[in-house]
Every structure is written in C-alpha cells, then in structure tokens.
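Next come two complexes, and both contain subunit A; in the first it sits with subunit B, in the second with subunit C.
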Partner chain A sequence: MNSTTPKSRQRPGPSRPALAVVLWALCMLWVTLTPTAPPAWGQDNIFTGTNTGATTIRIAVADFKPLAADPQTAAFKQTFDATLYADLAAAGIFDIVSKSLMPPATPGAPSDIQLQGFANAPASAAFVAFGSLGQVGGKLVANGFLFDAKNLQYPQVLAKQYSEDPTDDSARQIAHRFADEIILRLGGGTPGIAETKLYYVQQSGSNKEIWTMDYDGANQHAITHVGSVSISPRVSPDNTRLAFSSLGRNGFQIRMYSLVLGRMVAFPEVGGTNVSPAWSPDGREVAYSSSRTGDPEIWISDASGNLARRVTSFRGPDVSPAYNPRTGAQIAWISGRTGLPQLYIMNTDGSGVQPMTDGGYATSPSWSPNGQVIAFAWDRKYGPGAPGGQDIYVMEVATKKWIQLTHDGGRCDFPSWSPDGRHIVYANSADGRADHTRIWTMLADGTQRRQLTGPGADMPNWSWK
Partner chain B sequence: MATQMKTRGSGIASRSEQLGGGLAGSFALHGAAAALLLGWAWLFHSGQTWGDANSTSSTIQATMVTDIPLPPRQPADQDNVLATDTPSPAPIAPAPRTVEAPQPDAIPIPTTNPKPAKIANKTTPPPPLHPQPVKADPNKAQTGEATGVRIAMSSAETHAGTVSVGTPDAGFGARYAYYVQQITQKVAQQWYTGMLDPRATGHRVYITFQVERDGSPTHIQIEQPSGDATLDQTALTAVRHIDTFGPLPDGYAGSHINVTYYFDPPTHP
Partner chain C sequence: MTQTRSFQPQPICIIRRLRAALLLAASLVAVSGCHKNASGVNPSSLGPTTAPETRPPAPTASLVADPLAIDLGQSVVLNWRSTNAASVMIDGIGPVSPNGTQTVSPSTSTNFHMIAKGEGGTVEANVRVTVRIPVAPTVPTETGEAAASADMGSEAAFHQNVQDAFFDYDSYDLRPDAETAAVKAASYLVAHPDIRIVIGGYCDDRGSAEYNLALGENRANAAKTALSKAGVAPGRIRVVSFGKEKQFCTEESETCWQENRRAQFSLDR
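Now for the complex of A and B:
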C-alpha cells in the first residue's frame, strides 16, 4: 500500500486544469533551463511526481445517441449501452458515475457535449465515454469518444469508429472492443479483457462436455460432443487449441480439440490416468499429470503429445501443473508427497522444488499473468470437524504471504486468472453438492463477485487474451 | 559556641567521607553493569546486522497491492483482514546441505574408468517438406470484424458539410493531461515505501526517463540524487518495475516523451 494515498485523499491537490497549467509551465521552464536541450521534434517533456492525485478514475458512460429512430437501432443501442456500461464497471479500475447523476442531454458527437455538466457535481466525472450508434448503408456504425472532463481546453482522449453487420451480437462485440480500448488507454497499458473467453465444463445428465462463453457470461454454447466425461479444459495461448482430459476406453486421456478446424486432433494415448493439462506460455509444450508408471507424476510433452518427459519423481501423487505465464520457466503444482496435497513450485526441468504451503488441503493452482502471485484453492484446516472450508487464496511467490479471497460462500475451487491479472474466475458450490456448482468471477482482491452461469458448470479456464 | 562549630565541622567532614565511599561504590556497580551488558552483547551476538548484504528483503520485494494491478481500495489496518500487513506463517526453506570437505590425509579410492556409452552414428533424416497449413491469426477478426478506425477527434457540422478540426501543437502536459496523470499514478503505485529510511523525509529525488511510443520506460536514471540512498534506490526500482505506461496518445506525433519524476517520501513511512 502506498502510504501517499491517504495523505492525498485528506488534502486534495489543485484542480486538474490548474494542475495541467502548472505542469505545462514547469515543463516549459525545464526545457528552457536545460542547456543541452534535445531537438524539439519527436518528443516532449513532462514534469511530475508523487502526491499529486487520486487513485481510482471516475468515469461517466453516457448512453449512445441513436442516429435513426427505427426500432432495430433502438434494440441494438440497448444491447450496446448495457454491455459498455457493464464492461467498464467490471474492469476494476473505474469508479462509474451512476446514470441518474449524469446530465439529462445525450451527447452524440464532440460538438454537442457539455463537458462542464459532467465535470461538475453530482456527476464529478474525470472522463466521459459517449458517442452515437446507427445503421448506415446496411452496416451498424458506432462512433465512440472518450473525453477528459477535467481538461476543457483539450478534452479529446480517444475517438474510434466501428462498422459491423447489424446483429445483436456485433453490437455487443463493438461495445466490448470500445471498452477494451478505453481500458487500455486509462488502465496503464494493460489490455482489457472484454473480448476474452471462458472455457468450462458443463454437466448434462451423466455426461460432462466442454463449453465456452464470453467473459461476462453471455453467449454460452457447447464445444465438444464427446459423449463421456470431459474435464479440465485449458486453451492454448494463441486460442487455437483446447486441451482437456476425457474418459474413454483407456481411462482418462489427454485430448486435443482444434478451435480453428472445429474438430478433435490427434494426441497419443498412453497408459494410466492422464489429467490436468497445462499449456506453456509459448504454446509449444503441454504439462500434465500421468500415472503411466503407476504413480501420478508431472510429465511434459510437446503440443502434439510427443517427446514426453517426466519432471517429478517422488512417491505420492503429483497433479495440476500450472506454468508461470511470465517466464515459462517454472511450474506450480500440487503434490501429495508429504501426505495431504500441498502447493509446490519448481523449475520446468524438475529442479528447485520449493514447498509453498505446509498444511491443510491445497488444490488447483493458477499462476497470475505477471508471475508474482499464485491463486489456488485451499482448505486450511482440513479434517473431520475442522472449521472453515475450501476457499480461494492468493499467495505472493516471493514472500509466501497469502490473502484469503472468498469467505463463507461454500466450497470454492478451480481459480483461473484473467489475462489482465485483475480478475479471477472460479467455481463455487454454495451447499457443497457437485451438481450445484456455478461459475463466478471476482476482482483479484476478492470484491465485485458475480455469478456467470447456472448450476452444473465447473472448472473454468480463462483464455490468454 | 566553638565546640558547637567544631562538632558541626567534624559532622560535615565525616558525611563527605561517607558520600565519597558511596559514590565510588556506585561508580563501580554501574561500570560492572555496563561491562556485563556489553560483554553479553559481544558474546551472544547472532551475526545478523541491519542492512547487511545478506538481508532477505530488498526493494524488489513488492506488496500484494502492486502485484495485483488494481487500485488500492482501503488503507491497511488491523481490523481489515483483507489488507493485513502481518505476514502469515510460511514454510521454512530447508537449509542447503553442506558437503564435507575430504580429510587432508585421505587416500582417494581408485575408480575404474567406466566404458564410454556407445552412441550409434545415426543421422536424422530431414523433416518431410509438407506444405504447412496457414494458421489463422486469432487476434484478427475471423469474419466481418474489424478493429476500430481512428476518426477525427472533433468535427463541426456546417452547411457545407462536416469539417474535421485538427489538434494544434501544444505542451504534452496540457494536451494529454490524462496521460501524465497515468504516469504519475502508475509510478506512485509501484513505489515501495516500506524500505525507506525514516530520515529520508524531507529529501527529494529526481528521476528522469523516456517513455517510448509503445509506452515502455527507457533511459531510467537519477537526475538529482536526494542524499538518501534508500530513497534513491526505491525510486529507481519503482520506475524499473514498470513494463509499460500504455501506448502514447493517438494524436501525439513524437517518438517519445521525456519525463522528470520526483519522489517525496511520506511524512510517516
């Protein structure tokens, strides 16, 4: 926690236009005072420092202005407005202005926006997203703008035009893309996740198939039709393949589905139980747990299942590998070598084994995209009559400090990080029954919990981008 | 009267004699206590010194708040479990196993040279030249999707048509105040003040760096040291920790921007 924050909260700095003028003056002064000033073209100078501002960004998302009055456009506009608002609200970095606090007029273009109305109380927005939506020449066209409400002289931040086929789905896609663009601009260079997908297991009768949905729970549909029990889907980093484990004649085997070709592709079958595949971040290798030697160990093969090599060799089960997505050089996994399953990390060649937990019952690790934190499910006091239950935890790899993210919400399992490292998707069963499991998302600090699916959905996996 | 004086004088003399003895004893006792303390510290010195090179924590150490790229929501306090600063009990890393040095008079056990493993001279055939299928780029739109097109930031409707208004050149700080704000926040968030020397308060360090078009900071250096080493180091680490500030604004034509960033330590680090 940066301790400058409370201070700046207690004593707000000068207003943004005044600050901008001061910054500009300082930067000009700096330029004139520097004896070896570089050439004036191709660069600019900025002077800034700590203790100068607030932390969350307050943004107003105005309804888009319809370009035509036909009922179809009105339906698209409703989808678009709702999606854009939900995307920005779920981003985790914004403080959204409630629509009831915004000025009544709907701006459609930069010429008819009254920025002062958004900047003043009660809206008090720092940024305004607005624009227009309509059908032009058989296409759904959206003009989206992002304005800095505190910089009245140069308010423009972003202006984008999108043109798509007029369907409800493309209205939602346009909203996702515009939201991602805003999040990239204002979120410090981390791309948004509004266009990412989730892959999960859906139970239907006694079968379990792999399904997919958008990150906000929309557009749920099946991918595989194996007709048996398929579990633990993991999508490849380039979003072209889906590895999962499926029960067949030879027990559980790793299967591979090509999302580009729309069919299963070959992956060799070996003896024993083969479960929990994990992709290396370069997409060239797959780590999984295989009991071909009689004891479940971590094996790594290439993406087509060949050249498998064993990386663990301890008595006791070793399952659920998860690569460090930042480096690709480390694997977190669950090992039962000391009794109950515990979280460990090691290098991908099997060296440098380090225990991360030393008690309870730990399962399903997921390494955060920046490589600094591991999310996992943990029952810290495991045993008959022990207090607490299985919850989602995050642990900082360097210090082994952990934080509990879910509390008293029933059994939680299978956390998976979003590519921006701000969200975690997980499976939760309020009453502990397996067929009542639902998929939820939350921010990585445990807030903004949201249910995405109905009962029977399990083992979510967030796509890499 | 004289006898009275005499007795009083002798009384003062005897009391001063008693005081001298007591004073000496007190000095001796205090000296012994100090020697005991110093000797104790010298004998049972554990070898750990503050700020030595082997110290496990460093300024690289990041807090949870900076690990997870979310804005901080609440100050850390004891009532708030989510924001606790008390470290949890972590498993102790096993001590590195030491290999015993061989005795100086030990005779080495003769070993027979193992036969070198025979390796067959096998040449790997070149891979067959199948035409490889062209993989569809998943980033690109599959059907009918296109990324947004940049349009003019501001335009005005006139009776002759729509007029786009270009953005005039101005100081970066005024023109793109939001980007400056973002740099400020991102660096401040990455600044780990826990390692600051308490005496750093009142100093100020100036760091300069360039932000390239893609948003990555380069040429990070101390422009003006503060005179406090911990402040200089934490400030430098904070900027080095950042991958990107986000791409430079669309309308900006330059190749990079120069940033001078100052760090003021908080009053109570």
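Now for the complex of A and C:
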C-alpha cells in the first residue's frame, strides 16, 4: 500500500459483542504496553490491486507541439495536454514529473527530443510522453510517442497516430486513448480506464434519471427520460445495455435500456418491489432483489428477465447483489436477516452463505475485478445518536480483513470498482443530505480523492471496460 | 365476429344513442323492405302457392350473457338468437346480425336490451350483466364527476379510521399501537367493502437507498398482513415501497425521521 496508513483489524470473532469488546480492549492494552509490539497498521497487508504489476514509475508528460499556429489548434492542444496529464496522474501507477522540472524545449517528434535532459536530475524521468497535435486536411491529427529515458540507444516504446474530426471532444478522446496505451504498456498489462464511462443517477426536481459521463467527470449527459424515480444503474459487461429500476404505479420495477438502440427494451414486470440489478460477468444473467413473493429476496433471471429463480429464502430484506466478476460463481449481497443490514457472500445457487460483517450497518457491495476484495459502505456504529458515519471500506474476501478508505467526510455510499481494480468511484454527501450527494473517485487505497460532479448525483456504476 | 367494447353508462348518452338507433332501425326496415320486395319476385322464395293470406310469423328473440356477473375489467360474451326478424338491435351495440355473439367489457352493471323487428311484429329480450366494481357511484351528482369515489367513503373518515403505522428504526415489525390501529382500520374496511387501499412503505433518509426500498416493502407488507389477519381481503390491498425516495419530512432530526418511517394508507382510486 502506499503513503497513507489506513488501519486494518481482524473482525471481532465472537458473536457476543460485549465479550468481543473486552477481548479487543485487552488486546489493545497488550499492544500498547508491549514495547516490541508492531504498530497497529503493521497488519495492513490487504492487496487491493492498486499499483498492480509496477512500482510507481516516474514519467514526464511533455506538452504536445502544435503543428500549426491557428487559435483552434491551440484550444484543442490545451484540452489534449490537460486530459493526457490528468489521465496519467489519475492512473495510480505514475509519479509525474512536475512541469517546472522539465527541460524547456517542447519536442514534437523523435528527432526533436533531447532525451538526456529528461533523464537527468531534476526531471529524473524514467519515461517521457510527448508528440505533436494539429489540423491536417480537416482532421485533428495527433502523433504520440512514449520514450524510455534510460535507454538512449533504442528509446522508443510506443508511437501512435490518431486522426479524428476536429472537435474538443475528439481532442479529449484522443488523449484518453493515448493515455490508455501508455498505461497498458507500463502498468503490468492491465488496460487503462481513461476510455471507460460512469453511469449514475441525477436528481432533477422530484425526478431521478440515469446519466452517464466519462471516467474523469467530463461529458455529463442524460440517458433516460422516464419522468419518474429511476435508480441503481448497472451497465452490462459488453456496454450494450443498462439495467436499472424505476418507480411505476405498482412500485419499483427492473427496466432495461439498450445503449445500442438508444431506447428502452422489454423486461417483464412482476409483482412487488424489484430493485438493485447486477450483471453476471458473462452478461447472460441479471441478479436483483424482488419481493414478488412477499419478502424481498435475491432472484436471478436471464438478461431478458425470463426464467427467474429465487436464490435466497430467509425472512428479512435481501438486496444489492454483486457478482464476483472474476468467477461469476459467487454473489455478495446485503441481508437484514439478523436485524441491521450486513454483508454476505454465497454461491449463485444459494449455497455456501457466509456472513462477512457482524455489526453496524453495511450496504452496497461491489466486488473487485480480481475477485479478491469487496468494497462496500459501512456505518459501524449505526443507531440513533451514534457517533461515526457511513464510510467506504474494502474487505479481503479470504480473510475478512478490512480497511477503512474514507474518513470523516460525511455519508459515503455506492462504491463501484474501476475495471483495472485501481480505482473506486463512490457517492458522498458532506452533510448527509440526499440532495447534496456528489460523485467522487479515489484510488483503491483511499488516496487521490477527486470530485467529479456537482450536487444531486448519486449511485455511480463503473463500466466493465 | 367478436369484438370487445367498453360501455360508458351515461344516461343522456344512452337516450341519444337510443334515438339514433331507432332512426337507424327505421331506415334499416325501409331498406330491408325493399329487399323483401325485390326478393318477392323470386319464384323459389314464394313457393308454388299463391298469395299467402296468413299473417307473417311473429319474430322471436333471445339474449343470454355468460357469465352474468363479472369483476370490473373482465369481459362477458353476449349470445343472441332471433327468428323471423328483419332487423335486430342491441342498445349500445347498434344493429346486429340476426344471430351472433359479441364480447363486451361493461364498466358498470348494464342492461343489454335487444329489439328484434320483423313483419310479424317486434319483440324484446333483456339480460342484465352485473359488474362488481369497488368504486360504484351511489350519489349521482349533476356533473357526474365526483360520483365515482362516493362508495369509498370520505377521505376524512378514511384517515380517521385508517391511520398510518409508524416504525422503529430499521424495523418492519408493527409496534403495539400500530397493531391496535390495524384492528380498528380493518373493522372500518370490512364495513366499507368497496374501499380498496394502497399501502406505501417509507423509510427515513439514513441508510442506503436500495436497502430502504426492501425495508419499505417489508413495512408495507407488515401492515397488509395485519389487515388481512383482521379480515380484510388481501385482494383489496396494493403495496408500493417508496423506500427513502419520497419523504414526508426532510429535516435531519429524530422527529422527522420518525415521520418518514411509516406505512401510509391511502384510498386506491
């Protein structure tokens, strides 16, 4: 893990809370009194996937060289440079060379670059990204290079050319694609996320619609116009369909929107409250909470809503299923079978139920792409007048060890993993009010928090690719 | 041929329709009279004998409906037979063939009135289809607008007798006061069998949206179960969970949260 020192503790084992507290207090006493005891954060060994395959790489991101002097190119270049820099800075695997430390010349092509200048102190870059951008024959053309600053003889790692319609959005998308190429090469083979999308709920008046935006918060726009309360968007693994839940005359029903056709597609209405859809990683099944038989239980149907089968069968609310995206064979979900909602996992046939939390108020699980960690929202002291808040946590499935990722920032909910497993997007309301909720991203270790939206945005869902 | 039609029982309309139907019938008689004359030339229809002096046979008519009583929204098959009739009319449907069937979905109890006219006279047949509707007009008003809700009783009386149930935090068990209220509510609902209700399940805005929708469902279902146990037919109760998506009160205080943790009873119009 990196610079922060999030605290991780073993989940209290005994079911009797009083005994657990006493044991825990004794333990802590022993820890503080024993001079050789390791510090509490010494147990911090949960592997969240951040920094996978690489230690931080020092990279210099040079401003691209304009191919022409017209003002339009200058505007595109500004968008491109800012986007590329932000993408690489947000990737979680780079140590970016401050622009003030870089050589003053702007290289536009391999023949221009004085590589030694980037390799030497104070830049001390291991890699240099540079290139040129301009309008050629009515197209916006970018030539991007990635050079290994420590290999003067054969420095070229990557050379890419992009040609798109000359728009500001093209400049941004080209930067995203070039950033993803760099991240793929230097990030241990894990594809970057600069081209991924976020789906979320946007409140407008008393209605809520499903919106989408780029992973960095750009390009926010509405997808649905249902004119009701639509929540819990979940995009299919192939990015073609969007499952969500809308309030109709008979309560909430699962709805399906085709991102390819640009319209709603059929999904059968059944009785009761039907919420919180989740896609299986093969895209063939949708798990969701349905109270068609009275008590809200987890059901699984095919992607068209047919052949529904019930998976859980226990009095109390069962909601918010999330597949293990690595195996597709397990589901994490939230159940109120013992009182306050707790995090559980089970096999997709309903067997092997395991409680993961045993206290507080746990909601909104999201299973990491490598299948090893579950992110969720947890208020460990939930109750009237109780101190503490609802924060984002990650728990290693095998050991049930957890780390708290957000602290004292108000109510957090709906974490969702990026496809590279290095980031988590979540909703946060600083004062706890629902209409003040904003969407933020952070690295999966809780660092580099970044606000993406204004108020009224909630329930983010990160696309699978 | 069968087809489905809905009936709007508005008296003025029916009178108008009747008038139109009579006119139509008259014209049809005239038309069919022409046909009679034309066919009168046909020797085969006349037969070998000359100039029948007997009076034309009187028409017969029968009209049955299956079933005779339905719930609102269901349909009925009308089946009619007639003999010696030149024209057959059914009120609200219009001129029909001498024998036929038709599927209809009346929105209220309806008298189907069939008139068969022939040269031998006019006969009528009637069948009454009873439609069981939860909202039946009892107090006819001049506008005919407010009539629809009359059997539901007044909104005030409903809310006086059927009071919202409030819940402890993260609980969907009815509290003792709510249990008592449910018994009172049930007796009111049993006494007013035409009332249909919708129970909305609500939660305070702490906790998570998805879990609260399930919790709201359980709260509304708990109220429904209590009413059912006390004798209210479950079919009269519709349940909708709003979770924390709709709030009665938006302050962050225990008073306000308590306001929001409820099962709300409303007339299901």
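Definition applied: the second predicted complex is superposed on the first by the 411 of 465 C-alpha atoms of A that agree within 3 Å, B and C clash if a C-alpha of one lies under 4 Å from a C-alpha of the other, contacts with A are read in each partner's own complex, and residues count from 1 in each chain.
Note that a contact is a pair of C-beta atoms (placed from the backbone, for glycine too) under 8 Å apart; a residue touches a chain by one contact, two chains touch by 3 or more.
A quick note: this is a predicted structure, and the numbers were derived from the prediction, not measured.
Colleague: May I ask you to decide whether A:T447 touches subunit B, subunit C, both, or neither, giving the answer as first, second, both or neither?
Modeller: In the superposition, A:T447 contacts subunit B only.
Colleague: Pick one for A:Y162: touches subunit B only (first), subunit C only (second), both, or neither.
Modeller: first
Colleague: Looking at the overlay, what does A:I334 touch: subunit B (first), subunit C (second), both, or neither?
Modeller: So A:I334 only meets subunit C here.
Colleague: Which chain makes contact with more of the residues of subunit A, subunit B or else subunit C?
Modeller: Looking at subunit B versus subunit C, the one contacting more residues of subunit A is B.
Colleague: Looking at A:S276 after the superposition, I want to know if it touches subunit B, subunit C, both of them or none. Which is it: first, second, both, neither?
Modeller: second
Colleague: Same subunit A residues contacting subunit B and subunit C, which ones?
Modeller: Touching subunit B and subunit C on subunit A: no residues.
Colleague: In the complex formed with subunit B, which residues of subunit A make contact?
Modeller: 1-7, 16, 19-21, 23-24, 26-28, 30, 38, 41-53, 55-56, 92-93, 109-111, 126-127, 143-145, 148, 150-151, 153-154, 156-165, 170, 173, 177-178, 181, 184-190, 238-240, 260, 354-358, 368, 370, 372-373, 394, 396, 398-404, 420-422, 443-447, 465
Colleague: Can you list the residues on subunit C that touch subunit A in the complex?
Modeller: Within the complex, subunit C touches subunit A at residues 169-170, 205-211, 213-218, 221, 238-246, 250, 252, 254.
Colleague: In the complex, go through subunit B and note every residue touching subunit A.
Modeller: Interface residues on subunit B, with respect to subunit A: 60-65, 67-73, 75-76, 81-85, 87-88, 90-91, 93, 135-136, 138-139, 144-157, 167, 170-178, 180-189, 191, 193, 210, 215, 243-247, 249-252, 254-264, 266-269.
Colleague: What does subunit A use to touch subunit C in their complex?
Modeller: By the definition above, subunit A touches subunit C via 208, 229, 231-232, 247, 249-252, 272-273, 275-276, 289, 291, 294-296, 316-320, 334, 336, 339-341, 361, 363-364, 377, 382-384, 413-414, 432-434, 458-459.
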